[in-house]
Amino acid sequence: MIELADNRYGKSRVRLLRLKRGHDGHDLREWTLEILLQGDFESCFKDGDNSKILPTDTMKNTVYSLARNSSAGNMEEFGKELISFLLDANPQISQAQVSISEKPWEHVVTAGEPQPTTFMQSSAERRITQITRGQGGRFSVVSGVENLILIKTAGSSFEGYIRDPLTTLAPAADRLLGTALRATWKYASADAEFDALRARIRETLLAVFAGHQSKSVQHTLYAMGEGVLNDVAEVEEIELTMPNIHCLLVDLSRFGQDNPNEIFVPTDEPRGYIEARLRRRQDGR
Amino acid sequence: MIELADNRYGKSRVRLLRLKRGHDGHDLREWTLEILLQGDFESCFKDGDNSKILPTDTMKNTVYSLARNSSAGNMEEFGKELISFLLDANPQISQAQVSISEKPWEHVVTAGEPQPTTFMQSSAERRITQITRGQGGRFSVVSGVENLILIKTAGSSFEGYIRDPLTTLAPAADRLLGTALRATWKYASADAEFDALRARIRETLLAVFAGHQSKSVQHTLYAMGEGVLNDVAEVEEIELTMPNIHCLLVDLSRFGQDNPNEIFVPTDEPRGYIEARLRRRQDGR
Amino acid sequence: MIELADNRYGKSRVRLLRLKRGHDGHDLREWTLEILLQGDFESCFKDGDNSKILPTDTMKNTVYSLARNSSAGNMEEFGKELISFLLDANPQISQAQVSISEKPWEHVVTAGEPQPTTFMQSSAERRITQITRGQGGRFSVVSGVENLILIKTAGSSFEGYIRDPLTTLAPAADRLLGTALRATWKYASADAEFDALRARIRETLLAVFAGHQSKSVQHTLYAMGEGVLNDVAEVEEIELTMPNIHCLLVDLSRFGQDNPNEIFVPTDEPRGYIEARLRRRQDGR
Amino acid sequence: MIELADNRYGKSRVRLLRLKRGHDGHDLREWTLEILLQGDFESCFKDGDNSKILPTDTMKNTVYSLARNSSAGNMEEFGKELISFLLDANPQISQAQVSISEKPWEHVVTAGEPQPTTFMQSSAERRITQITRGQGGRFSVVSGVENLILIKTAGSSFEGYIRDPLTTLAPAADRLLGTALRATWKYASADAEFDALRARIRETLLAVFAGHQSKSVQHTLYAMGEGVLNDVAEVEEIELTMPNIHCLLVDLSRFGQDNPNEIFVPTDEPRGYIEARLRRRQDGR
């Protein structure tokens, strides 16, 4: 006999651009949303009975309709509104999850002045959040950044690792350390000052990355996570993913030249991959 | 106090092209591998002690060196070899996971004859596998396909769903159903005829998709998973992800024309998203 | 003083999926179109006078409306229809160009039988065409293929090239030759059997690539173009672009192993780039 | 008889990361280069004679070797050096072209201070240049920006266009105008203050885009090009490509809501496409 072990469905890549027209200038937000629902949908899968199915097209409409009236100032608050609306209207849903990714738009600056109604997409970095709640339950809010592309050109070494017959890597006392950081942190409470906390956490991540005497990607990753947990009491745990984007030193000795760590080939593949999750100790020690 | 809850590290996007030179023609395989290790690496994260760290560069070398001597005929067997090698040589590793994706190369056919030493990349479909084992443990093998892009132009409806004030979707008795299938199945045993089983499972997935009278993506997804579990005893569970790639019927009535399900706009976003996991019942019923 | 030297405008990425419902099964075509117009639009650029501007949104509507009634069996014929419609209705347009790219869809085959209403996207190869005509002028039709990914595992060498102090490449008597072919050919007449000719030209390109004793990418590229011009009188000229997708032989001697051209790293960058255009001699020699 | 009409070859996607270690901090540049050569290579194409062929692998080595000794402070100067080196060493080359794209890296700022050895990839915008020279000839330098993603939320209309039976677009007195600008300008002289000019041109492009009362993309594009030609005497001509990235106003009236230009769906396809080239009048009027 066969059983349906898990299932989820919803709508992904729902794109929303929201413009607020203020007196002193416009405010522009661009979000891409994914909504995923779990619940009692077995009859749909097994019998083709759609009577409990909220169409994914309606989920999309819901995003736009709610956005019009919403006073949410950030992704986290809007995600909470959206989940509450869906759970209230659909008792057959046991759990809803909303993931939002924000493209940063900033006012264009010309002649030193921000232009009130002209914007530039300022970075390939993305702000992300994922909000989850079950019927009658509490919100879980995990926020983060992704594709924050960083490089350290000093203060990074990699030495003292295992050497075996397949080792060809030379130890490096001074190497480049490049990564495309993804960091997500879980808030202890779903009622938080999300924008202020996000700014503080990002600042801490950058400051530790810049200042660390790195002995490995792992070493720096841990210091960054530790820094956030030490500085920001509202964060319960943090997960960091730091691919090691290798910059290979070019061997110029073949051409009679030296290369004192100046000429590199940046490469996209292969890449090292390091991820870890840090949290406050549960036992209070 | 802070603790390291989980961590993994390894090498991703390791690319390998392996050529076997037979009497009757060449055999060509192209794989992209990811190796991820777990173990006792806390001192690396906390203290920058690399003495237990196998460099990811060495993992890459290991892939190429093993591939030279390997007699593995497919990704699954090669993944098992690679994991065994890594676990045997590195007692500090508690678990190793290897994921492999294969790009399909086929012999070019000209004048009706396959050319023995010329190949064409035949599809954007990918064969995938993920093998996992802990020290002293047993292999878990999950294989699959991804990006298998399919469309049904008959036998698909979507009706009888919830209608609420935000509903604008019209019920469809005859619609197009397009998807980019991702299916992964877990083998009951790690000693299986992987190539023959893969071919049989893929054939079943396609046959059910083609023949099904679909009342929703969920309905067809379930039938496909059920078909595999019914036909292939070696499969323990199967997970299917089927984004609904919407093809929108163009409203030509504005131009005085009808459109009897002939002219569509295929769209990439937004898209429906449906995933489910089916398994054999544990209680033997 | 400033002048407008050239200008073009139009609509790109117009996507169309067209289904023909025949007795014996369906026929499915998926095209992405770009329409570009030239003409007397100076007042629009300089004065913001839109009175001669056909909106690009209307161009998109035109594609769908024409597709509904069109009997065109292929991209080339549809492109010609679209251009004639636009030029006839818009005397202010001096020249129109339509570029179309086709994604290949093929019937799914199960149990040896093609399924009449189920399709699979069979390849990342694209069929392309570009049709151009001025008011009162004649059609120019250039068709082609792109992203046809090929590899030769025998019959390819690269030796005898310039050696200078910056040379590190070793001559290779037997190497892999991989490419992502883009070939476009200009038809002598715009009234041609486009489908039959396309099939014959593609077959010739593949047969020459497979059979050639290659001394360089240039050498094989030329032979392929020459083969088409020799075989297909309807082709006036042909342009081929063949990036050299390098497959690097892995140095296994560091591990005490040989590597008789069996283990390679395929790479995406950097890549060689070779392009050439071949034509029939104009002077009849 | 068949002839080789044109041909070019070279190396693309050559990636270079160059670090200058100054007293007050590091300077980091990341470039991707393409080198394309033309010349007397007919014997290579026709006969497989490689004796005049500079391998593309050597071109790559040349980039790295020159970069080590180069004092070029920007892409334009480095491109000129590279071309001179290649033409001097290879008389069989009649013309060389180097295209360079720069990814912007900026110092990370923490606690208000730029970190001297830590960098962030600050934008998806790219600085580009293309330098060309024939043997014994003069340099041509075309520089530019691409993927500069902009949006105007006020001051943009589109009205007064042609209305025909296929028109469905409604005139808009106040719409969003989004684009991914590509602008390239040709310098009158190859000895110019490239960095200062680039900054001034980019500032002008942004200022005109922000301040313009736009009646169409064409109208704004022309004003931007005109602004640059008026302000910067060193620019001979300028080419602008401005896809119209449509933001569709969501129809909320179906849900009993208004939508005073606040809620939009940004879309990637289809998109309008507008390009034009502006130059100083040759006749001096």
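Here the chain labels run A, B, C and D in written order, and each chain numbers its own residues starting at 1.
Criterion: a residue touches a chain if its C-beta (ideal position, glycine included) is under 8 Å from a C-beta of that chain, and two chains touch if they have at least 3 such contacts.
Everything numeric in this text was worked out from a predicted model, so none of it was measured.
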Shared interface partners, meaning chains that touch chain B and chain C: A, D
Chain whose average C-alpha position is farthest from chain C's own: A
Inter-centroid spacing, chain D versus chain B (mean Cα positions, whole Å): 38
Whole-Å gap separating chain C and chain D, where each centre is the average of the chain's CA atoms: 24
For chain C, residues that touch 2 or more chains besides their own: 15, 61, 65, 166, 168, 255, 268-269
Residues of chain D defined as touching chain A within the complex: 15-21, 26, 28, 30, 61, 64-65, 67-69, 105, 108, 110-111, 115, 117-124, 148-155, 176, 203, 206-207, 209-211, 247, 250, 252, 255, 257, 259-267
Complex contact set, residues of chain D against chain C: 1-15, 34, 36, 41, 44-58, 60-62, 65, 89-90, 158-162, 164, 166-169, 214-219, 221-222, 225-226, 229-230, 237, 243-244, 268-281, 285
Of chain A, residues touching chain C in the complex: 165-166, 168, 254-256, 268-269
